[in-house]
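We just call them A, B, C and D in the order they show up, numbering each chain from 1.
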């Protein structure tokens, strides 16, 4: 049941804007996302502590505490709606009953909150992709997959309103290709391996969602393009490479929607705007408000097209004001007020452009989120149905956009990126033109690193 | 050497805007504040730990670590300029050599940073007002004052570029008046006691600043109006009372500028916009970006007129991204990019109005920061030279503004505030008309609570 | 109108103008005097007449229906009544709930939170010995030595002083292992409380008041 | 061009196309073979020919002048040279710097950081035993039992797994009190390192490499 998005859901850059999605999603307790307002999506995790049987009550009491504090603040600040994301930690997917117990704990708070305040809300549960634990991963079978699948089912039963995952198919190859700046390997691992796994995996997830009446949210290329961005942030890889990887990861994340996901996409998927342009689904994004979770070259621009605004993750620790989750809910709530007043006063386009321009010239990664560029990349992807070609097109288009910006002096590359920059055309030229050659390349160059059967190869 | 500001430096609401101050301040390493750009003012403090001789090296290493991380991030994000505020903790003012050692540590980092990157910067040092330790405080003499004075001098010698304090004169009475919602006591303690102490204290501080060529930044009514706002936030006092106290505290903070302070004002002084309107000095403000330090009903609106944008305070603890001070510097830097791109694209008025409107109808405190209201209160203060009358005028004007907003349904009071709201006119009517009656009231009602000599009474 | 309701409304006596609706009517003072005259047992006056008024306003405050000012006004009226009952306290006919030793830790001058604790606990029938701010471990120990049944409440607002709570708890335990010690203040948390071995953390005074009401041997 | 420079540039052999500027010229392979033929002592080839190249690129990486890819390409060339020197390692004529046992803690699958540590330490002349991810305390202990002079490096990326470092340190100490244990990973810090009693924390692999170069007895 693959749907091919042959054209763009959003064709004009003016329409690519926060709060609006051509295909809104209704979910949870009275919440509709994508019809004008941006809502906070609050994320949280445990402080430094182990998770085991002896301290399970302590774990639960953290989640109680988080729900109480966050929802009290949300009420106080009169948010127009709220999404809570419960992201599993590994033991919670490994023993899915544990994840389910916390899911229903949070869901009960949300139900009560809705009854008391009438504020619409929803619960996203993100399961850990345990298949990563085998090297190379088996993906479509074995205990790891069984557990992951079970974690989805029990989360759905326990009350999740939206299901998501940060899936890892193709990452075993991508990790190495990235380190060696092997663009051919990057494109092949994303466009062939990752896309194939996504198709298989999301068929499974969408089936579960249908059975239990839950919204299939979407996936994120976190393990691919955020790893690249993190490493570029640490000065280990060029930022232009990280920008290229971002574009190249969009077709991979798109596959979820081709197989039935409907959004809202995952916050850490900065390829979200491209997905929104192609499919029209609402997206979750994180920017400066996720300074608690990671540093970023996309602090403001990430908000330009967001439908949910997230803090990615924050530990339940004490700050001078209160707990960190309530503090970051406050931050999100104020940012959302700004989005929403701008839309209310008919200034949303102007405000979006400020968000875009404030970061645009500061990093190659930011350029990948500029509305015109987003549409350019989206178009190059939508052009053809083959995921490998889509991925190859995306990286070429991204490079052209970077080149235009560099040539017009809009983007100034630091001197340390210059040598690498001059090598890119050569590396791009080496990328195999068609899927078969690319498979050939993968099998010879990354022999032993991945398991071809796991991808149906 | 008192200067009386008989008219407003900013007369039109359009000119009351972030980044611009009629009387810019140049300080530190090449930094000029108030000529178009908003700069981050980063604040930081120690994590839970004692300060004593045995762990002094650990204390120092925290400040080393903070400087390294914060400045590395500032460079990475290419901030146009930066202010670091070093706020003393009590032992650092009690033994001023300790405060001085940290001051010179930070200053060295800033000098080196300026040499390496050319990014303008300055160091604000805020000393603890130790006079609070005596009950009732002696204020103008005694060991506490000697230590406080010494702390100013040693900070100046050690390299502070700007000096500030959160002074406490009049607070011993105000604390009680506040709890009993005694508007007469509030106005008298602010307009007489606090203003008198401010005049005396700031003459001293300005003298020190002249001698050591340091900028006298300003003071904050933190112990008055932020206490009220905190208590209102906890539901202990009405938010309308907290709004009235804010307005009433402006004449008190104004005194510093009448006695030679030139700004930038202290971040936690939310009376800053009123001060800016009257005097034209640049102001520091904190809003959603200080969610690490306290919750606030002023998250966005606080930025509308800011020249420095601060996080108030954050402990040097580890978050998932890195340390909390670098995370909050990142947040400030992105917010500042938005201010500055808006001004660059000629959209600053529009952006300011979004900031204002997003919070305006959500709390009485926010109304006190709306540009028209700010000017209205500022005018009522500038009208007459007597601080008591100024304070009385300010509270009446603030009430009128609140009343207009409530009458026009712009501001909806929660039902729990209604009873109190209906009592305000009666309480206002009881406020003594002139200073002598008010002194009489203070002496009879707050007998024993304060020391009249300490105020030259 | 009954005594409890008058306490809750803070109606001191016939002459006080507050609350306006009751101008000229009898207040807590008159009704308490009347009750004593009628030889109602002092303990009953306290437990069934006065305290329910304070509890009522306290509950309203914690539900956010009234403000601290209303609580203080009630406490003021309560104090007038307690003045009338003083002889019965002295004779031992009524027993106070007990004593709370209260203070802000060494190096810390924030006292607004602590003062609220004081007022609310007094309103709840406790005698509070307020040691003020900047209170050393020794001062806490001494105060408990002078009043060995006392409960201790410690406040701290600075992250650089909260650790003094740990040493205070330790010193107090050495001297008087059974003393109950409760802590509060913005930077403090439940897990910190457990870490330093205090008996309880409360984010507001009502929490403490409620906790102490639960302990049966402490009830009047 | 000297050997060190060829290592730094990652020029493997005559036939490799990288770097383009050196196409057709001799690479690390040829020069190492030549040196062996000239009977230059293997230890000298290693210490004065090859290692300075790796150090140079390592320093450039830590100064942000090159990228990890450049480092890896250099390491690849280095490995080719080491292949040529293998007989001398086997005969004991050259001694390796030593062994590092490396792994990501139990429950944690993040391995990119750990893999970088591996590559960089290998480039610096260490033999690395990579235990992979999700490594239990027992596995660390066992690895050290099999190679008692080894240094241990532990990585963790989750706040809910970092505490396993503490138990790993404890178990390792019980078995082999002198083993040096170093830790790293995004959530870890110097103070956490002190808390669990590890020997050092480094925010990046270069820190570790530099530290180990300082320890005299570990130098080749």
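In this section, contacts are C-beta pairs under 8 Å (C-beta built on N, C-alpha and C of every residue); 3 or more make two chains touch, one makes a residue touch a chain.
Here the structure is a predicted model, which means the values were calculated and not measured.
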Pick out whichever of the two, A-C or B-C, is joined by more C-beta pairs in contact. B-C
Inter-chain centre distance, subunit A versus subunit D - centres from mean C-alpha coordinates, in Å: 34
So what's the Cα centroid distance for subunit B and subunit D, whole Å? 52
Give me the residues of subunit B that touch two or more other chains. 45, 315, 320
Hunt down the residues of subunit C that sit against at least two other chains at once, touch-wise. 159, 187
Would you identify the shape of the chain contact graph, picking one of line, ring, star, complete or other? other
Each pair of chains that touches, named by its two labels: A-B, A-C, A-D, B-C, B-D
Given the complex, residues on subunit D that touch subunit A span 61, 64-69, 72-73, 107-109, 112, 115-116, 119, 132-134, 158-164, 187, 192, 204
Contacting residues of subunit B [partner subunit D, same complex]: 318, 320
Footprint of subunit C on subunit B - complex, ascending: 45-51, 89-91, 132-133, 135, 175, 179-181, 227, 231, 234-238, 315, 416, 420
Listed in rising order, the residues of subunit A that touch subunit B in the complex are 45, 73, 76-78, 287-296, 299-300, 313-315, 317, 319-322, 324, 326-328, 330-331, 333-335, 337-338, 340-342, 345, 347, 350-351, 353-355, 357-359, 362
Within the complex, which stretch of subunit D touches subunit B? 159, 186-187, 189
